[in-house]
Structure formats: C-alpha cells, structure tokens
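Some structures are shown below for you to check.
Common to both upcoming complexes is chain A, partnered first by chain B, then by chain C.
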Partner chain A sequence: MSGALFLGWRYLAHHRFKSAILVASITLMLFLPVATRLLVEDSATALTARADRTPLILGARGSELELVLNTLYFHAETPAEIENRAFVEAQSTGLAEFIPIHSRFHAQGAPIVGTSLDYFDFRGLSVANGRQMGLLGECVIGARTAARLGLAPGESIVSSPETVFDIAGVYPLKMKIAGVLAPSGTADDDAVFVDVRTAWIIQGLGHGHADLAEPEAGAAVLSRRDDVITANASLTQFAEITAENISAFHFHGADETFPLTSIIVVPSDQKSAALLRGRYQDSEVLQLVVPGSVLDDLLETVFAVQNYVILGLTILSLAAAAVITLVFLLSQQLRQGEFHTLLRIGASRGYVSVLIASEIGFVVFISASLAAALTLVTRYYAMQILQTFLTL
Partner chain B sequence: MIDIGNLAFSYRGRGPDASFKFGMRVEAFAVPQGASTALVGPSGSGKTTLLGLIAGTLRADSGSINVNDQTITDFSDGELGRFRIRNVGQVFQAFELLSYLTITENVMLPWYISGDGSRTHARERAADLLRGVGLASKLGVRPGELSQGEQQRVAVCRAMLNDPPLLLADEPTGNLDRENKHMVVDLLMEQARRNSSTLLMVTHDESLLAEFDTVLDMRQISQPLGGGARG
Partner chain C sequence: MIDQRILLISIVLLISACGGAGKQAEVEGASSENSEGTLAVTSNYPMYFYASRITDGVVGAPDIVFPDIDGDPAFWTPSAEQIQLLQSADVVILNGAGAESWLNLITLNRRRLVDTLVNIADRLIPLEDSVQHQHGPEGDHSHQGTAFTTWLDPQLAISQAEVVTRALIELVPRGEAQFRDNMAKLEQEFMALDTRLAEVFAKLDGRPVLFSHPVYQYLQRRYGINGESVDWEPDQEPTTSAWIAMQQILVTHPATIMIWEDEPLMSTAQRLSDAGITSVPFHTVANRPDQGDYLSVLRENAERLESML
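Take a look at the complex of A and B:
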C-alpha cells in the first residue's frame, strides 16, 4: 500500500496551490479555537500567578483594577495618588512589610518604578550585571529594557516628560544605571527601578541647583531677606545627580505629603491581614485590595467572552469543514476517471480507498502539525504580547 | 491463450441510464498464445465489453473465460485484480495516463499498485521501455507535455511493464493521426512478439487489419440480447 501513499502525496504535491489552500483552511480551523483557549488560559495563569504572589495592595479609593494593574504591571493608567503619610502610618502598625510604589513616569518607553530595596527581596529579583542602586539618581533596569535599549551599568537613561508641553517643572532627569536585573519573565524585566525619592525628583518635588548663598548665584537672586532668598527663573536646575552636586539636591515641603501610587502590603500572618483589612475597610481615601480577587473578577468576564468567541469560531469551523468536505467530494467526483483507470489496471477498491484516505491523512497531518507549531509560537510570544498590552 | 466458452453477459443501466439495457452471448472461440488478433465490428456490438470480460473488469452471467489455463470467471474480485496486474497489459483509447505523475512514474503505475519486486528494478524497467520507444529525453516530464502519439507510446510501455502474457488494446489508435497509428500498432506488435504475448486489439481501422494474424468479427462470434452495447 506504500504505492497508494506515494500516489496520494504526488497528487497533493502536483496540485500544490489547491493543497495549500486546503491546508491553510484546516490549519486555521484547528488553530483559532485551540489557540484562543490556550492563550486565555496562559494569560489567566500568568496574571493570577503574579497577583497571587502579591498578598495585598494599599492605594487610593477608585478603580481597584487600575490600582492592581499599575502596581503589578506598571500599567500606564496611573491610579489616584496617595500621600506618603499613609505609608508611614501603615508601617507604624507593625502588622506587615510595606513596600512603596511610585509608578507614573517613563524613560524611553520603560516604566519608572520608584520603590525601596525591599521590593527586590519581595519579588526575588537579583542584579545580574553591576550593583544595586545606592544613591539618589541611580537606577537598576530590567533585563528586557537593557536588551531593547542596549544599555549596561555605567550608562545613563533619561526620564521622559509626561507631555511635550510640560513646562511646569517636571524636567527630564538623567539617571545613572547601577545594575541590570537578571531576567524574571515578568513585568519587572521591562521596568526602570529607582529609589522613591528619585521618583519624587522626577515629579519635580525635589531638585538641585547652585547654592544661592554663594556669590556666583548673584545674577539669579531677586531678593535676600533674613534666611529667605528668592531667585528668578534663570537659576539652572541640575538635570543629573552626580557625586559633585548630590548635596545640592533637596525637597520642598514635608515628605509625608509626597505622593505614592500604591503600597504593596505583605502581612506577617493571616491575623495581621485581617486586622489591616478591617483598618482600611471604612477609610474614605484609602482601600486595601486583594489583587487575586480583583483579577479573578476581570478573568470571569474574559472567560465569558472567550466562551462566546470559541463558540463563534467553532460554528465557523464547522461551516468551513462542511465546505471543505463538499469541495473534496466534488474533487473525488471529478477524479472518477483516474480511479477507474487504477481499477482497470488491477488496483482493488481498497487500494483506491487507501489512496483517498492518504490524501486526507496528509492534509490533516500537515494542517495539525502547522496548527500545533503556530500554537507553540503564539504561546511563546503570548506573554510578551500580554505584557505589551498591560503596559500600554 | 484465450479460451471463451459460451459467454453470456447482460447489463442494466443505473441512475440516468436506467432505461439502458444491454446483453450479448458470445460463442466459443479461442485465441492462440502469442497470436495477434484484431477484434472488429460495428459500434455497440460489444467489443469493449468483451475486452472488459477477458480483462476481468466485467463479470459474465454465465460461461467461462480461460486465460493461460486460469479460469478467471471463477475468480473473486481480489483474485481478478491480482490476475490483471500480473497477466494483463491494457492500452486504452484515451491513454488514461495520470496527469500528476511523470511518464516514468506512469509506466511504473502497475508496480505502485502491486508492489511486486524492487522499486529500483521497476524504475529501470520503465526507463528502458521509454528509451525503447524514443522517449529517452523525456523521462521526467508529465503527460501533458507530450503529443498524443507520445502519450500512447507511454501507455503501451505501462502495459508492458510486467511483461504480461496477454495484451489488450481498446482502440488505441482511435485518437491518433495516420503516422502515429501505424507506429503504435507496430510497437504493440513488436512488444507482443518480444514477450510472446497474446495481443487482442479492438479497432475500427481497416487499414491496420493486414498487420494481424487473425481478425475476429463480433458479428460472427456474438449475438445481441437486446439494447446496445457501448463500443
């Protein structure tokens, strides 16, 4: 019967355009519903895995989803800010470890995340190249951002103004890269991490400039009255924090009023978690959310939509299968002469059946293999696509 | 040799051909081994039907057909297939080559069906046959690239692949011009002579009859049982 397989293969190879259309149709019929299901499941797993590793998030009242997505994935939609006072007060409870998050600005397409060193321990992130950030104005960058921008320790990255017309004082800050993180396969790979005070400087809450008490600053000084010196706009602010000018950097105002976008809360135990949830339950400005629960609500909707999509795709696939079957039967009808010749030469009906089955088998096998390969490739890139979607 | 004994065959059409009925009775006759015989007769006299009965592609209602001491009318469908592939080489009026195979692969078709012997041997035998009919330079081309005369030469080579003791040709020159007609008949005669094969060929062309040892007229060996046969 190997002769029948050969004839089947030769027929398909000779009518390669027709075969290719058939293979493409069946590949899509198999690929689309399966890939949709797997992608949603993979995405759900990835989303919930990071969420499940983050016990609680404290943030401003408002959209729970925005708060969670911004804290976990540094999503561009910035939630309402909270004051650093909330962080200080929470820490005083001693019920948990609290990690501040300031995720609002970007540097060359990468989110700038202002946080503390505790974040790296909490996420299990290690520096693969260089060292951990230690000074104001230093940063460590994620592996993907380093690869994408071709950056290494010792080089610099500049923060982007929020808008082109942002003349209110949020100047770009040139940050020195202290280290590059080892890849983690998470949103952390895309981020630029700075100390939260560096994030405040980017926001314009702190700055550095020439000492107005020195005679060189004379031209910029408008008035001197007791300890109060007033300068005009000609006073140049430093755009980079260096060893020479770091002492000139300072903040205006009380740091308890400075903003954070959220606080990651890692309770000591379940009782502490319950106490904390009770503490913020009735707060009018703050909310404490369980990221896993928030994403479960989102995923419920996604799964419901997915079921409708798969149902639609299945109906389309069945319709396509019916059309393909019809085309195939018509093709067999047109080939009756060829089959008759084979029978007249001496082939059995079984041989002709094997010939037809081999053609179907080849088409289905190639289609299934392509669909499997496409699914693997899609799954491979799915997380990157999801990541892009989440940080948009 | 072919030995026919009081053969009866009837056919009733199906589907759109339901009104079509045909039947014929063939008296006993024999064709000696190695002889070349032309089968003549008017359209509808049952020439093609008789060839189909001898090849085993049609089944007789009664009577017997004996080919080289094998009574094929007793064979099952499977046995008939095996008998055909090993003992019968057939050439058809419309060549019936497979368009998606090269001419070498077309000649190898009986091997692709039977799988008897090695592939290498079958390929070499096919190439030898094609070289023998002047198609040495076209072994890898497809039938659509050949003239009709060349295609029929390929069909003759296909019939000869297994050196069959019986060669059946159903109006093989029907679609050919005068020059190619004689070339194909000469080729069949030569191949049959070389293998001592029995050649039975249906033809309407009286100019070819002189080349055969015997001429059988359907009007003399068969009687219609009503309706009309095809061919």
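Take a look at the complex of A and C:
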C-alpha cells in the first residue's frame, strides 16, 4: 500500500506545474472565505475592545465616526476642534474623569497626541525605557514608533508642518524624548505623546523668544512706544525647548480658548454617565458619544459587506471545485493506459484506487495546510491591516 | 507607586545630604511615621508651613514635602527628579495668583493641583507695570499677572490655610476632626500675628515708606501703609538711574524708611542712611528660612520694624 502512496507522490512531483496550480487553486478556495471572516471578526473585536474600554467621548458636533476614530486611533481626519473651556467646564461637574486629547499634528509619520498624565493611567500604559514626560517640549513615544525610527530616550523628534506651503503657520518643534512606552498592541504604540500644552505650542498658540525688553533683543525691536514694544520679522522663535530657554516660553490668550480635538470621559458610575449624556444632549456645539455604539454602526455595515463578499467567494469556490473535479476526471481518462499497465503487472483495482486517492489527498492536504498557515499569518497581522484601512 | 515615591524622596534626600553640610534638606518633611503613603507637595514655604501645622500629630496624614528651591520659589524651574516627585504626589498645594510660573512648563496631573487662592480671586491685586509687545499677527500682548505674596496678609493666609485643610480632608477623610482642630489653632496664631502687625504698622501713622521690591502689595493693603515701591535687589548695588528714580519718588513721597526683602549691602544702606532713609529688612519668607518658621519670621519682622520707629 505504501507503494501506491509513493507512486502518487512521485506523480505529483513529476507534474509539479500542474500540481502547483491545483494546490494554489484549492488553497485560495479554502483561504479566502475563512480569512475574510476571520479578518473582519478579529478587527471587529479589536476595534470594539478599545472602544468598549473608552466609555464616552466628548467632541465637536459633526461626524461621530471621525471623532471616535481620531480619539481612539489618532489616524482619521481631524474632527472639528472644541475649546479647552469645554474641558474646564466638564471637569467642574465632578461627574467623571476627563482626559483631554489634541490629535492633529504628526512627527515623522507618527501622530502627535497632546494629552494629560491621566491618559497613561487610563490606558494602562507604562514607560519601559526612560521616564515620563516632565518639561514642556518633552514627549514619550510608543514602542513601534521607537523601533521604526530607531529612537531612544535622550534623542529628539521633530514635528512636521501641516503642509509644505505652510510658511507662516505651524513651526516645527524639536521635542526631546523622555521615555519609550512598553508595547501595548494598540494604536498607542504608534503615537508620540506630549503634554497638551506642547501641542498648543506646535499649533503656534505659545512660543518662546528673546525678552524684547532686554537690550540684547535690540536688533529685533521695530519700535518702542510707551509700554508697547513692536518686534520686526527678525525676531526668531525658539524651535526647541531647553532648560535654558524654557522660562521664555509663554502662551497668548486664555487657556479656555485653546483647542482640543476631543475629551475622553470616564464617568464614575452609570448615573453620572446618564447625567452627562443629558447635559450635552441639546448642545449645539458639543456632542457626547458612546464609542462602542458608533463603531457598532460601522461594523454593521462592514459585516453586511462581508456577507456579500463571502457569498461571492463561496460561489467562486464552488465553480473552482467543479473545475478541479473535472481536471481530476480528465486526468484519469488520460491515464487509462497507465492504470491498465498497473493492472496487467499484478496491481489490484484497490491499489489503483489508493493511488488515485493518494494524489487527490496529497493535493488537498498540502492546500489545506497552506490555507491554515496563511490564515494564521493573516490573523497575526490583522491589526496592522486594519490600521492601514483606517489610515486610508 | 508608594514604593516608587519613597525611593524618589530618598534619592532627593540623598542628593541633598551630599550637597553640603550647611545646606537645608532637599526635601523638607519627607516620610513621617504616621503617614500611610499619601503625599502632598507644596510649591512654596508658606504653603508647606500651613500644611505641616494642619497635619501636625495626625495619624495617617500625608507626608508634606517642600522641594529644595534655590532662591525665590516664584522663579523655580523644577529638576527632572523634582518633576517626578510632583507627578507622584496625591496633591500639589499651590499658592496661586501666578506664584507658580513653572506650572505651565511641566506636565502634571491637573486634577491633583490645589490652588489655594481660587476662591478669593476677587481679592487679588493686579500688577500694573507690565510691558506690552507685538510681533506676528497676534497684535499687542503682555505677560501681565497678579501680585502673589498673599501670605503677607494673615487674613488671606487664613483663607489659603482653609483650602489646604479641605484638600487634606479630601485626601484623608478620617483625619478631618484633627485637621480642623489644628486649623483652628493655626487661625488663632494668624489672628495674633495680624493684631501684632496692625499695632506696628499703625505706629507709622501714615508716614511714607519705600519698598525695595514690588512684593509687599498685600501687606500694604492690609495695614494701610503709605508705600511706594522701587525695584532694587538687596545683594546688588543700585544703578545710578535707580538712585535718580528713587530721588524722583522722594519728591512727592518723602519716605524715611525703606523696607527690604533681606539685609541690603552695607554701601547701599549707608548711602540711604546719608539720605535720611533707614533700611529695615522685612523677610517675605517665600522660601524656607534659615532659622525659625513662617510665624516667628513675620513676628521678628514686626519687632525689627517697631524698634526702628
């Protein structure tokens, strides 16, 4: 019997091109529907897990999906900004823990997230290397960003202008890396975290420059009139915050008017959550959303599309299976002489049947193994694939 | 977290121990045997004094820590270790009114900040002489603020200490009764100090006084002092223009006493004396005094001034 298996294997090896086509066809038949379902389910689980761990998000009225995706993944389109006043007022209610988020800028391809220390406690993020950000202009970076850019504590990362032609707008800020976060397997691994005030400096709401009242700033002074000093265009603003110039940094305007992209809201209990939802229900400028519900709506659409895709793939697989069956049948017709020779030299009909079955079995087994391996790989990279989708 | 704090405080203490024999401890207060691991950090010495007195002898009270600051705490920029200490605190007790210029420069858990002046903002004195500047499209702006040496007015000090008491009760609720008892005793001492300062300044009887630095606004308002301020440093020789500016003030404000933050240079004191002006140090006690405490230093200030009148 082992001779039949050997012959079957040798046949496939001899006709390796035909065998490879068969294996590839069956692999794809098995892999595509399963992988599609797994990818969607894993992605949905990952999406909802992060969303479910984020009870409520407060942001500007507009697209709920943009607000949620920007707050959770920092990648989607920047939602309309809200004033920091909303954060201050929300905090005064004492109904929840409020975590500010300013996610608008990027540094070398990584999103810059301005927030408070509460964010790290809330997400369970710890510093693996270095220390927590302390001074203005310092940042802590996610593990994947650190690995991708080869950065370590003590080095620097520079914020990117929003557009190439933004000459008069946002100045790049060189930020010192205070620490690298331990990997979390979430979007936090890709981010650059700064104090929300540092984000405001990147936005140009705060800056540092030489003291215009000092004689050293003479060349930069256009005019002095009573208590008003006007600087000319040569006044340079510091592009990096250091221990030497940090005291020269200051903000213009009231903190309450400075922008945030959203606020993560962690109510102390169900009653507080209900009170907060009631508070913002009729607001014309603010909306309080439940990230889980928003993503459920998104996922409903994704699942509906998935079902159509899987239906299509199943029909294609059935067609492919029919063609493959036909290939096997035709192959046996062509090999009638070979089988006849085997019978004449003493092989039983059972032996020939085992030979044919072994060839089909080998092809199916190899295809199934490859499909399983591909499925595992797909599952492993599901989050990256999803994040690519979200970035788009 | 608690272990990290103890380690952090120990490190800072160790650094201070290595820093020189005459130097005060890097962190005053540190762990007390009564503490159950909570930590309160204060931003200047008066806040440290209030909190220490309110928690005195209370079992389970938080450790009260005042980081070592070289010079005026208003111009402090915390070191990396001090920032970590502030970040690990359960509560950071602030004077407020802009005394913590470093607050916007570091990352702290804002929910743990206690501004002791937040409820009496209407009693703060705005600073008038800020310079406006203009650059870019933002138009004129200035870095204006309010006077912040509020602790020189014992009535304001009582209000601030009450806020400290509430913060400590929130942190350690079962210590409430003792915190309130200590606060009541402290309030009596503040009242006694207030009475004493009022007695001394009443002896001025409206006589004009010069302040060496614009830091006595609340003292001036509380005791109705007829004062004008120059901007001199006790350890620096005033410039010629500073002397001229003072002479111009004296034309309409013929002061015979100048109140200093610290003992002025001998040469400055002599030249003032030649001009008929007596120099009297009146320590603002913003930072930890070499000797005594907040109350004793202010009482000594009063006695010193009284002896000159």
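Just so it is clear, the second predicted complex is superposed on the first by the 387 of 392 C-alpha atoms of A that agree within 3 Å, B and C clash if a C-alpha of one lies under 4 Å from a C-alpha of the other, contacts with A are read in each partner's own complex, and residues count from 1 in each chain.
Methods note: a contact is a pair of C-beta atoms (placed from the backbone, for glycine too) under 8 Å apart; a residue touches a chain by one contact, two chains touch by 3 or more.
None of the values given here were measured: they were computed from a predicted structure.
Chemist: Looking at A:Trp9 after the superposition, I want to know if it touches chain B, chain C, both of them or none. Which is it: first, second, both, neither?
Modeler: Touch status of A:Trp9: no partner.
Chemist: Applying the touch criterion given at the start, work out whether A:Phe365 contacts chain B, chain C, both or neither, answering first, second, both or neither.
Modeler: neither
Chemist: Pick one for A:Ser247: touches chain B only (first), chain C only (second), both, or neither.
Modeler: A:Ser247 contacts chain C only, not chain B.
Chemist: After lining up the shared chain so the two structures overlap, which partner does A:Phe303 touch, if you call chain B first and chain C second: first, second, both or neither?
Modeler: Neither chain B nor chain C is touched by A:Phe303.
Chemist: Would you sort A:Tyr381 into first (chain B), second (chain C), both or neither based on which partner it touches?
Modeler: neither
Chemist: Chain B or chain C: which reaches more residues on chain A?
Modeler: C
Chemist: Between chain B and chain C, whom does A:Tyr351 touch in the aligned arrangement: first, second, both, or neither?
Modeler: Touch partner of A:Tyr351: chain B, not chain C.
Chemist: So, does A:Leu117 touch the first partner chain B, the second partner chain C, both, or neither?
Modeler: A:Leu117 contacts chain C only, not chain B.
Chemist: Is there a shared patch on chain A that both chain B and chain C touch, and which residues make it up?
Modeler: Touching chain B and chain C on chain A: no residues.
Chemist: Using the touch rule from the top, collect the residues of chain B that touch chain A in their complex.
Modeler: 55, 57, 77-78, 81-86, 88, 90, 92, 96, 98-101, 105, 109-115, 158
Chemist: For the complex, which residues does chain A have touching chain C?
Modeler: Per the stated touch rule, the residues are 91, 97, 116-118, 131-136, 138, 195, 197, 209, 212-213, 227-232, 235, 243, 246-247, 249-252.
Chemist: If you look only at chain A, which of its residues touch chain B in the complex?
Modeler: By the definition above, chain A touches chain B via 1-4, 6-7, 10-11, 13-15, 337-338, 341-349, 351.
Chemist: Considering only the defined contacts, which chain C positions touch chain A in the complex?
Modeler: So the residues of chain C touching chain A come out as 75, 77-78, 80, 83-84, 87, 101, 104-111, 129-135, 138, 140-143.
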